[in-house]
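Before I ask anything, here is the structure I am working with.
In order of appearance the chains are A, B, C and D, and numbering begins at 1 in each one.
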Amino acid sequence: MTVENKETDTMAPVTEDRIRQSFAAQSLMATFGATLARVEEGVVEIEAPILPGSRQQHGFAHAGLTFAIGDSAAGYAALSVLPEGYEVLTTEMKVNLLATGQGDLLVARGKVIKPGRRLVIVQADVFALTDGKETHIALLTGTMMPVAPK
Amino acid sequence: MTVENKETDTMAPVTEDRIRQSFAAQSLMATFGATLARVEEGVVEIEAPILPGSRQQHGFAHAGLTFAIGDSAAGYAALSVLPEGYEVLTTEMKVNLLATGQGDLLVARGKVIKPGRRLVIVQADVFALTDGKETHIALLTGTMMPVAPK
Amino acid sequence: MTVENKETDTMAPVTEDRIRQSFAAQSLMATFGATLARVEEGVVEIEAPILPGSRQQHGFAHAGLTFAIGDSAAGYAALSVLPEGYEVLTTEMKVNLLATGQGDLLVARGKVIKPGRRLVIVQADVFALTDGKETHIALLTGTMMPVAPK
Amino acid sequence: MTVENKETDTMAPVTEDRIRQSFAAQSLMATFGATLARVEEGVVEIEAPILPGSRQQHGFAHAGLTFAIGDSAAGYAALSVLPEGYEVLTTEMKVNLLATGQGDLLVARGKVIKPGRRLVIVQADVFALTDGKETHIALLTGTMMPVAPK
């Protein structure tokens, strides 16, 4: 992967701050008890517990939770390779569900497959953690559209 | 579309009851304030307000909300064409986001594209309602896997 | 659907000519024996026989054929709602295969779900015809990126 | 990844033979001049030149070619982790196109993300080679349905 819009080391902390501010403004992430566990250029991780209010009919993580943290992790991974002032919008996202979401915690790892100013192609893997053991429960692939500053 | 497992009119209320019970057991739907607005053979509608806790960073509906009600509407549409005792699991779902989710209410309309005992192919359209006017905000297509009673 | 870039009736033939020229330049369509059966604003149909050289290991239409004509029908449907001089590129396309591709002829019907200058969301349905009877064999949903004239 | 249906070393050649026989029976692969470059448990590579008859309107590889070899590589990767006698059918496949398909040769690398007797989740990456340099032109993710021997 070639990161087109590589930023200097001194700008990196600014980017992380901006991502953390945007994440904090997403009320759904607070509803899910989700936190930003890792922010690097091109890679972002979001963790979320399987709260009593985030479940499907059998008591496991609802696919809506899995999708939401995977989509957000992928979106912020895309944002992390864009210049200051940009935002991103998800235009499409596909999730393949690999296993039921059960365990202590879900972790979504978003990464950039192909950067670009018009479109950023992204992927996210979601894992369920039980006693420190990871199970791969979902694979997401999608497209983010950068929105330039006005 | 040929509905393989067509049920008689007298069985229809049973199916709707079963779907309503399953929906009621999905805690995420309660968290989102979502309700089952329509249950017919092959077509299910779910409505949800854009609650203060369901939003993305600009205050619009989070894609996780849009996905969750679209996925559930599609899943219950699949369940509505299966025999009593079956359940369904989402194996994959893709969402194309068409417009920002803003308005008074979101409505997800799930339908069956192709029924089957091994896989059910489904679609859902999600609309945002503002002053009674509908905006098409998302198109979902996916695959549900029927799980036979034990 | 609101077609943003509605063109006047007098321009419509120009658009169809341009689409037919582009189609004629796609050598893969000639390899497949495919023809443009219908070109209207927002809707394009492509027909193709299941040639001896277009098959999978059981002698049915290869998914590559189904995909190719579905993708092209969707792409030209997108082009048909864009102003003169534009081109389109597929950025992503998902196909759900509903039935084996067997019969006398395949027909792909592409349509525009959501027009736009940055992205056009499209859908295509592919049918197999046997003795005049249609079987729905594939559903494609995808995203086309308009490329403005230089 | 845990390969559920691990076969013994002595069976491995049989599996590769079976895959090579199936590939040889796909007439579309011959039309495309495609060859099976690598067959291992869970990983299959297919190579194809960009023949004069495999192109889109600008002379580059048609997305139908990219899709066809990616889908087949992913399908045979799935088959390689199934017991003797099984076949696989693609139920859905999404392709994200990352760059135009231009160069001397396309290479599709299919792999298994999640094996299973009911469904096998797969991925394929397609690269274009020019003077030995690889460009990542497509990412495919999809679902294969195993068909048990009768």
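In this section, a contact is a pair of C-beta atoms (placed from the backbone, for glycine too) under 8 Å apart; a residue touches a chain by one contact, two chains touch by 3 or more.
Just so it is clear, the structure is predicted and the values come from calculations on it, not from any experiment.
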Remotest chain, chain B as reference, centres from CA atoms: D
Contact-richer chain pair (by C-beta pairs counted) among B-D and A-D: A-D
Approximate Å spacing (C-alpha centroids) for the pair chain C, chain D: 24
Chain centre separation in whole Å, for chain D relative to chain B (CA means): 33
Rounded Å distance between chain A and chain D, as computed from the means of their C-alpha atoms: 28
Junction residues of chain A, two or more chains touched: 91-92, 94, 96, 143
Touch list for chain C against partner chain A, complex: 91-92, 94, 118-119, 143, 145
Residue numbers on chain B that touch chain A, as the complex places them: 22-23, 25-28, 30-31, 52-58, 62-65, 67-69, 71-72, 89-97
Residue numbers on chain A that touch chain D, as the complex places them: 1, 94, 96, 98-99, 113-114, 121, 123, 136, 139, 141-143
